[in-house]
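Chain naming follows the written order as A, B, C and D, and within any one chain the residues start at number 1.
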Amino acid sequence: MAETGGGFSKGRLEAFSDGVIGVIMTIMVLDLKAPASAEPAELFKLWPSFTIYLVSFAFVAIYWINHHSQFMRVRRVTASLIWANAALLFALSLIPFATAYVAATRISPFPTAIYGALQLGCALSFSLIGTTIEAERGDDPEFRREVVGHRLLDRLSLSAYALATLIALISPAISIAIFVAIGAAYAVPGIFNERSLRKARGRPRA
Amino acid sequence: MAETGGGFSKGRLEAFSDGVIGVIMTIMVLDLKAPASAEPAELFKLWPSFTIYLVSFAFVAIYWINHHSQFMRVRRVTASLIWANAALLFALSLIPFATAYVAATRISPFPTAIYGALQLGCALSFSLIGTTIEAERGDDPEFRREVVGHRLLDRLSLSAYALATLIALISPAISIAIFVAIGAAYAVPGIFNERSLRKARGRPRA
Amino acid sequence: MAETGGGFSKGRLEAFSDGVIGVIMTIMVLDLKAPASAEPAELFKLWPSFTIYLVSFAFVAIYWINHHSQFMRVRRVTASLIWANAALLFALSLIPFATAYVAATRISPFPTAIYGALQLGCALSFSLIGTTIEAERGDDPEFRREVVGHRLLDRLSLSAYALATLIALISPAISIAIFVAIGAAYAVPGIFNERSLRKARGRPRA
Amino acid sequence: MAETGGGFSKGRLEAFSDGVIGVIMTIMVLDLKAPASAEPAELFKLWPSFTIYLVSFAFVAIYWINHHSQFMRVRRVTASLIWANAALLFALSLIPFATAYVAATRISPFPTAIYGALQLGCALSFSLIGTTIEAERGDDPEFRREVVGHRLLDRLSLSAYALATLIALISPAISIAIFVAIGAAYAVPGIFNERSLRKARGRPRA
C-alpha cells in the first residue's frame, strides 16, 4: 500500500523494534537446556553454550544501542526505512537459531561460519538503514558532520565479520575471538571516553 | 462490563497490540530447531522451514504496518474496536502454530491450505477493524476520502488468500508463490513511489 | 525498601503489566504442538487444545481490558498496589501452564478443576487491586459513584468461578461452558450498549 | 562507538529494560512442563518446580521495582550506565535457566548453590548501576541524602546472598528460606509503612 510511509510515527517504530529486540535477547535462554542431573560436570559440559550465549547477548545489546543512535538521525519515516528496519529485525530474529546451532554442535566449523554469515547479514541490513536515512537527509550538512568517522568503523566491522566467517571454517575459536574483539571495539571506547571526560572536568569518581 | 470502551486509551491499545505482534514475530523462531549435527546437509534440509518462516515473518510485519495505518484513522476507542482487535491478535497468535505445522510437514497440501485459511482469517478480522472504524466515522468526509481506493485492494487480497487456500490442496508451491506476490504487492509500491517522489523533487540519492 | 511506592510512575507500572500480559497471551501458543503428519485427522485430534487455548486467550484479553479500566481509577501508586498487581501477574503467568495441562489431558476432570481454581485465584488477586485502590480513594465521592454496580458483577463472577471449579470434577464440559458464559458476560454488553447508543444518536452503521 | 552515551534517551532505556524484564518473568513458565496424566499425584510431584518458580518470579519483580527506583535518580544516560544495565539484564536473563536447573534436580545442593551465585551476580550488577549513577551525581547533595540508608541494606543483602549460596551446598532448604526472607525484607516494609501512614492521616481502610 502506497501510503504505508505517510505520517508513520517514529516513536511507534522505535518502540516496536525495541520490543522485538528485547524478546530476541531474552528467548535465547530457552535454548540453554538445564541438565536433569545435579552432577557439576553436567553443568560444566555446557560451556560452549554459555560462551556463544554471552556473545549473542552482547551483540544484540550492541545492535539495540546502535539502533537507538541511528534513529536519532531519522527525520521522516519512509517506507524504505520501515522495510530496511524489518530486514534488520528478520536477521536478528535468526540469532537465537544460529546460537542454538553453534551450541548444539559445540562450536564446530560449519555452524560457526553460518553464525558469522548471519552476523554479516545483520551488519549489512543495519547499513541499509543508514543508507535509507542518507537518501533522505544526504544534503543536510548537520547530518554529514554527524556520520563522518562512522563510515570507516562500519566498513572495518563489515570486513571483520567477513573474516570471522571464513576463519570459522578453519578455527572456530579464532572466529569467536574476533567477535569478542568487535564487540569490545563497540562497547569499550564509550566507557573509556566518558571517564577521561569526567577527569578533565575535575569531578571526583567517589 | 458496559464501561470497558469508555475513555479507553488508544495509545495503550496500540502499545499492547505492538507488544503482542512483536512477540508473535519473534517466538516463531523457537520452532526452527537447530540440527544437532554440524553436517551442512542437515542444515540445508531445513529449507522448507526457512521458506515458511520468512513468509510468516513478512506477513506479521505487514500486519503491524497496516495496523498502524488503520489506527491513525481511529478517533474513539469503542468496545467493538477492542474486540475486533482482539480477534485479529488471536488469529495472528496462531501463525507460529500454522508455520510450525507447514514446516514440520515440509509444505504439504493440507497443512498449507490450513495456513492459507488462517491467513484469510487474519485478513477478515483486519477488515472487521476497518468496519468498526467506519461505523464510528462513516459520515466523516475526511475519512471517506482516505479509505477510497483501499477497498478494492483489500477485496483483491481477500480473494487472493481464498485462492491460495484452495490451490494449496493441489500445489502448495503455487500457493506459497501467491503469498509472496501478495506480500510484495503490499511492500513494494510504497518504496517505489517514494523514490519517484524523491526524483521529482530533484533530491540527489547520495 | 520503604521507598518503593514513593513517586512510582503509574505509566511505567501499566506499561510493564501490558508487556507481561501480552507475553503471557502469546507464549501459550508454544504449547500447541504442530502434528508432524499432514494427515487431517492428526490436526482435528487437537480440538481440546484449541478449545482451551481460545478460552485462555479470551480470559487474558478480558483481564487486560479490565486492568486498564481499573487503573484509570488509580491516583497514587502505593507499595500495596504494586504487590497486588504482582500477585495478579503471577496468577496470570500460570495460565499457560494450566492451559497446557488441560490440553495434554484432553479436558479431564482434575486438570479442569485446577484450571478453574487458578482462574479463581486470578479473579481474587484482581479484586485485591480494587481493594488497595479503595483503601486510597475510599472517601472520594467520585470514586464511590464509579464503582457502584461493579461490586455485584464481581461477586457474581467470583461465585461462577468457584462453581466452575467444583463442577469440573463431575463434568469438565459444563465447567468450560460456564467459563465461556463468564467471558461473554464481560465482552458482549459493551458491544451491545454501543450499538444502541449509536442508533439513538441516529448515526448510520454503513 | 564513543557517541553511544550522547543524548541517549532515559525513557527508551527504561522501556527496553522493562520489556526484557517482563519477558524474563514470563517465559520461566515454559519450563514448568504440564504432566500428560490427569492423576493428581503427577501434579503434586511438581512442588519443587512451583516453589522455585515462585521465588524467581518474586525476585524478578523486586528487581523491576528497584530498577525503577534506581533510575529515578539518573540525570544523564552514560555509556557506563548502559553497560552496567546490560550486565544486570544479562544476569537476570539466566534466571529462567537457573530456575529450570533447580526444578529439574528437585532443589539439590549444587544447583541451588549455582542459583544463589547467580542471584549474587544479579545483586552485584545492580550495585554497579548504583556506582555509575554515583560517579555522575556523587557531588550532588540531594542525591547523597536519597541514598543514605540504602547502602547498609544493600550490603546486608549481598552478604545474605553469599551466605545462601554457601549454605545451599549443605542444606538447599535453608538456602531457599534465606531467599524468601530477603524477598520479604524488600517487599513487606513498603506495605507496612504505608498502612501506618494511612492510619496516621485518619483515613478509614474500608
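Methods note: a residue touches a chain if its C-beta (ideal position, glycine included) is under 8 Å from a C-beta of that chain, and two chains touch if they have at least 3 such contacts.
None of these values were measured; they are calculated from a predicted model.
Trainee: Which number of steps is the smallest that gets you from subunit A over to subunit C via touching chains?
Mentor: 2
Trainee: Look at both sides of the subunit C and subunit D contact and report whether the same residue positions are involved, with over half shared, or different ones.
Mentor: different
Trainee: Could you pull out the chain whose C-alpha mean position is farthest off from that of subunit D?
Mentor: B
Trainee: What whole-number Å value describes the gap between the mean CA coordinates of subunit B and subunit D?
Mentor: Result: the chain centres lie 37 Å from each other.
Trainee: Mind checking the centre-to-centre distance between subunit A and subunit D? Centres are C-alpha means, answer in whole Å.
Mentor: 26
Trainee: By the touch rule stated above, which residues of subunit D touch at least two different other chains?
Mentor: Residues 15, 19, 23, 27, 30.
Trainee: Drawing the touching chains as a network, do you get a line, a ring, a star, a complete graph or other?
Mentor: Basically the chains close up into a ring.
Trainee: Touching residues of subunit A toward subunit D in the complex: what are they?
Mentor: The touching residues are 14-15, 18-19, 21-23, 25-30, 32-40, 43, 54, 57-58, 61, 64-66, 68-69, 72, 150, 153, 186-187, 189-191, 193-195, 198, 203-206.
Trainee: Would you mind writing out the residues of subunit C in touch with subunit D in their complex?
Mentor: Those in contact with subunit D are residues 1-5, 7-9, 12, 15-16, 19-20, 23-24, 27, 30-31, 78-80, 82-83, 86, 89-90, 93-94, 96-98, 100-101, 103-105, 108-111, 114, 131, 134-135, 138-139.
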